[in-house]
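Sharing a structure here in structure tokens format.
Every chain is named by a letter (A, B and C) in the order it is written, and numbering of its residues begins at 1.
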Amino acid sequence: MHSTSGAEPLVLHPERFFDADPAIRRVAVALYEETHALPIISPHGHVDPWLLANNEPFPEPTALLLTPDHYIFRMLYSQGVSMESLGIPTRDGTPVETDARRIWQRFAEHYHLFRGTPTGVWFDHELHELFGVRLKLGASTATAIYDQIAERLMSAEFRPRALFDRFNIEVLATTDAAGDTLDAHRQIRASGWAGQVVPTFRPDAVFRIATPVWRDAITALEQVTGRSIGSYAAFIDALVQQRAFFRSLGATATDHAVVAPYTERLDTARAEALFAAALQGRATAADQQAFEAHMLMEMARMSCHDGLVMQLHPGSFRDHHTHIVDRFGQDKGADIPVATEYTRNLHALLNAYGAHPNFTLVLFTLDETTYARELAPIAGHYPAVRLGPPWWFHDSLEGMRRFREQVTETAGLWNTTGFIDDTRAFCSIPARHDLARRMDANYLGGLVARHQIDMSDARQMARALAYDLGKRAYRFTTGS
Amino acid sequence: MHSTSGAEPLVLHPERFFDADPAIRRVAVALYEETHALPIISPHGHVDPWLLANNEPFPEPTALLLTPDHYIFRMLYSQGVSMESLGIPTRDGTPVETDARRIWQRFAEHYHLFRGTPTGVWFDHELHELFGVRLKLGASTATAIYDQIAERLMSAEFRPRALFDRFNIEVLATTDAAGDTLDAHRQIRASGWAGQVVPTFRPDAVFRIATPVWRDAITALEQVTGRSIGSYAAFIDALVQQRAFFRSLGATATDHAVVAPYTERLDTARAEALFAAALQGRATAADQQAFEAHMLMEMARMSCHDGLVMQLHPGSFRDHHTHIVDRFGQDKGADIPVATEYTRNLHALLNAYGAHPNFTLVLFTLDETTYARELAPIAGHYPAVRLGPPWWFHDSLEGMRRFREQVTETAGLWNTTGFIDDTRAFCSIPARHDLARRMDANYLGGLVARHQIDMSDARQMARALAYDLGKRAYRFTTGS
Amino acid sequence: MHSTSGAEPLVLHPERFFDADPAIRRVAVALYEETHALPIISPHGHVDPWLLANNEPFPEPTALLLTPDHYIFRMLYSQGVSMESLGIPTRDGTPVETDARRIWQRFAEHYHLFRGTPTGVWFDHELHELFGVRLKLGASTATAIYDQIAERLMSAEFRPRALFDRFNIEVLATTDAAGDTLDAHRQIRASGWAGQVVPTFRPDAVFRIATPVWRDAITALEQVTGRSIGSYAAFIDALVQQRAFFRSLGATATDHAVVAPYTERLDTARAEALFAAALQGRATAADQQAFEAHMLMEMARMSCHDGLVMQLHPGSFRDHHTHIVDRFGQDKGADIPVATEYTRNLHALLNAYGAHPNFTLVLFTLDETTYARELAPIAGHYPAVRLGPPWWFHDSLEGMRRFREQVTETAGLWNTTGFIDDTRAFCSIPARHDLARRMDANYLGGLVARHQIDMSDARQMARALAYDLGKRAYRFTTGS
């Protein structure tokens, strides 16, 4: 047995993350006690639906927890640890480290880098609550902790569906390309398992008419819809049909990633011309920008008809580091945010659809300067708009605090959606919701301690943030 | 009598809004005790001067407190309550809800939306302190509270001038178009009433040469000055004359709303050409932008001569929601801020006039990112510049905290103006000043508790923020 | 003797600047006790090396503490005190106030302006800790305090080198033009004194090909390198040579000030053409922008070779007030920040060099909105990047708090450099480091009190911030 002598204990303090002030903490604890056991609503994220369709055992710890999680390896990479030495697979198959234990050890030796970060908070939560680890992760404890996790992963209780139930997930939405067959979702439905897992319609690829992968995305959409897409009109028809297909499998939402949230309607002739240019492989970057702006308008229009909630995630300069995307592919920790403008960019869309009674638009941002300046005033006026919670880099203790402090005074609580985990790391879902519920309880605790609201108000608000608002905004009707 | 059984009490905790920490709260309480009864200086706002000229009784509660206040109805609108059902009058006279009690009930049923907002804080203050309400507003208490307020409004003590005195307002500035006759102000003066109510010169409309209402604004200016304005030179003369007229009725300031605070002097020939184009109805948006930039320079130049304090309120994209302005008009909760630049935009104006000994320029912003980055360094250098307090959406508990924390370290306290309520809701004035005095006492309490300043310093600073700075910045000489 | 009766005592509370909450303060005190006596690493600043080369006594208090410090006189100027009355020398020799005691008195009468500012904190620290002052500075105590300081300055213990040792400075880096002879540094080395004072290579002037002083800067570079710089190729050779010369005298870093951190490589022919245009005096502002963007690429390339740490200080609109620079020169408190973009501007440089194992790029900003949005994600990915501490206006209590709260969760602690004083006021160095150590201890104290990290973690982190990180990032090997 590997020696862990001298290792420090891993302790999760029951009142962790609450304000040190006793008056605030007392209220926060009381509110958290009422919300921490509520079911989890997860209306947006990136869990692979095949995980729950196949319900196979998870692999060993490194393949489960480290190599797929760019929140983890980007931090080690930033301190000079090579991606290859962490076992990140290369696109051309160049060999990388394959010894899972060696990678785990390397991670453990750098685990101090995560002190003060939400990734560290989530990981400690997973170690302690899911895997029963009681020693701080570090060089001397790495092997023992690896063994402990590996052993647990072999048991039936750690199969994905068993964890889904144990996590108390009421509904989990995945993210799926417009041309997806949704086979995994159909398999889940056919299996008779009661877990509610629903797809989300994400058509980004078919809107990016100047990219090399656009043609393949259109082909996939043609195949899944059984239509030939030789014109803009046919394209629109295919989208309508596929949105209905997604809805038939439980989808309640669409999702859209753009750099700038620019919206502008084209006349049909212009849209047809751009689409024709794309089919001929000669669409330009400017063409794509106009087409994406127009398609956001179309997505809003369709949502008014079919009721799918429209989500907008702008502001990421994807694949900023060319070497990384070339060698390792996308989503490898090299996406860097840019300043984002909403007031002018969303003017067309909000004027056309922002007051439609069947439309919900959930806005996210990576640019916190827009919380109080643009997003809260927009959500505090337009009936269709709700603000999604702090996203990505801002899904953090301080990020959540800043969001509430900068949004609530203008938009109130009811124009926000409650927490969304947005994760591809299935095992981190409870940790993320637990942290959010703690931070929201703490925010409300401050309002109570400063006599801005009373406990009766705060109780309703805590429950709204933890459960009601997310369920309502994303139009989930019943638990399962 | 309407049943209010089971209703919760409305309590205003005497130490509300102060930090929960006992050391900070203790100091904050001590400082607030010294400032809370100081007279109110209100150097900028939108109270209708006819209110105080006529001194008629206020109407019933809904017409007084709800329908004119876009802070209130925008929040209900954002949650799907139609403007029509709230009795907001339409421009074309299409009928809307007219039952004041039904509107009040609808508001009360949605009053939870204001939890955690400054609007909720102000409204509770008004209910409790002005109208003696002791139950939380909600569905079950709406009628009883309506009746209670309605009854009070009938008494002589609730006439506008009586409230002006009761509110302990030392001076109240209104906002008046360049072409205003100031009849209300003359009537107040002629009435012999001692209350100090002064106009503010707001010439925005006569600078917007590309808008359809410009011609009417010029005509009004012609009529009030008795001049024909057929040239730029005549326009300048009319402005000088009208500024003197405003000063004769007590005005100490001008006010200017622009989207971007761009300043640039044109040569006279160019200014004349633009003005001629406007008279011929063919000024473009670009012409207007250049003309407005030039007229800000002219306003600063005139202020150096006549001593009127110049206020600049940039950064609002007015009437963002076209449907709302078309149907209900302006100032209906659909103004959305945009990012604002000061360093380059004000370069011309500050270089020309920023060190003039007779010039004061008060800067406001809806873009908090400029507090520490641009505004505090500008105010911490240019002798003419003072920073106005957090404006509009940022006139809030957290907004005031952010302002002090981001401005004070570079600009100090003496380069700011103290609190400005900027309200059209006359009855909310005491609530707004009370909140600001609490937040300022609390900010200073933090500095004392962390031993950055001592109590002797803090006492002077608290009084400066509550009273002295505003009076000095706006050049009010005596109390009445 | 001048009367100071009635003056208030100047007290520096031992637990000053720590959070009022007892749980946080207790931890902060414990952490600060372990870091406050660590040696000072000062890897970037503007102390004149001749000060330590000559080791002459300091002049009287006003010439030492007031007239050279734009943090001080800009605040008085902003409140209407003329630069002339504060003895700021004019460029054309126009007489200004020369009575040092009168200037000191004027400053003391306005000292309240610094309440709540870091300048006030530093100045009180210097008065109390360095000069033994025990009365608050003000009108009535000005003379007595002046006398007390003046007397101390005459003693041998107040010579620069004695203070350097007393301040416990392990290493001090100055900032030196590319064409500097480094005579002061050579004299220090030759003197046998053990104090480690090193130069920093700052070539801004030779990159600004459209400015009138460029030709002189090139001439200086020609003289110090003994080369004729008639071409771009020769220019590059001269820079390589001079960087080696700086390194031979202990330099470990370069420093670069630009408005926007725009980077883009030119092909050699284009670079040669721009340089030729500059030599002929016909380089345009656009030429300079392209050349500077290219030279940042070149500086990074050279750093990969010679290991000099590259520092980037963007975002200041220098000499915003033309009257001030014309009459008094540069660095007179009239530099105003502008919004700054990093994600797109640094794309070229980071893609080319951001993962080079011998490259370190330290990024600074005057635009706090980039902390969480751009800088932390960049530092949390690119191995070469470290974030410098809050700079200039943000080197303050609240500024340091915002930096840690907005950077740590994404970038962690180890992608930052620890504190940098960046001062030209030699006597303020201990005050600045003391304040930073207090604020960092307090930040960590909050994490501990909220059970996010434990004391064992916090101890290592506090030491890293106070000493280890700065020493490692700037590649200082041993203490002396």
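Criterion: a residue touches a chain if its C-beta (ideal position, glycine included) is under 8 Å from a C-beta of that chain, and two chains touch if they have at least 3 such contacts.
Because the structure is predicted, anything quoted here is derived from the model rather than measured.
Shared contact partners of chain A and chain C, listed by label, are B. The pairing of chain B with chain C is characterised as different-residue: of all residue numbers used at this interface, under half are used by both copies. The rotation that brings the Cα trace of chain A onto that of chain B spans 120°, given to the nearest 5. One inter-chain figure worth recording: chain B and chain C are separated by 40 Å, centre to centre, where each centre is the mean of the chain's CA atoms.
For chain B, the set of residues that touch two or more other chains comprises 19, 21, 339, 369. Residues of chain C that touch chain B in their complex: 8, 11, 13, 15-21, 74-75, 77-80, 112-118, 121, 317, 320-323, 333-339, 366-369, 393-394, 396-399.
Residues of chain B touching chain C in their complex: 19, 21, 23-24, 339, 341, 343-344, 347, 350-351, 354-355, 357, 369, 372-374, 376-383, 385, 405-406, 408-415, 446-447, 449-454, 456-457, 460-461.
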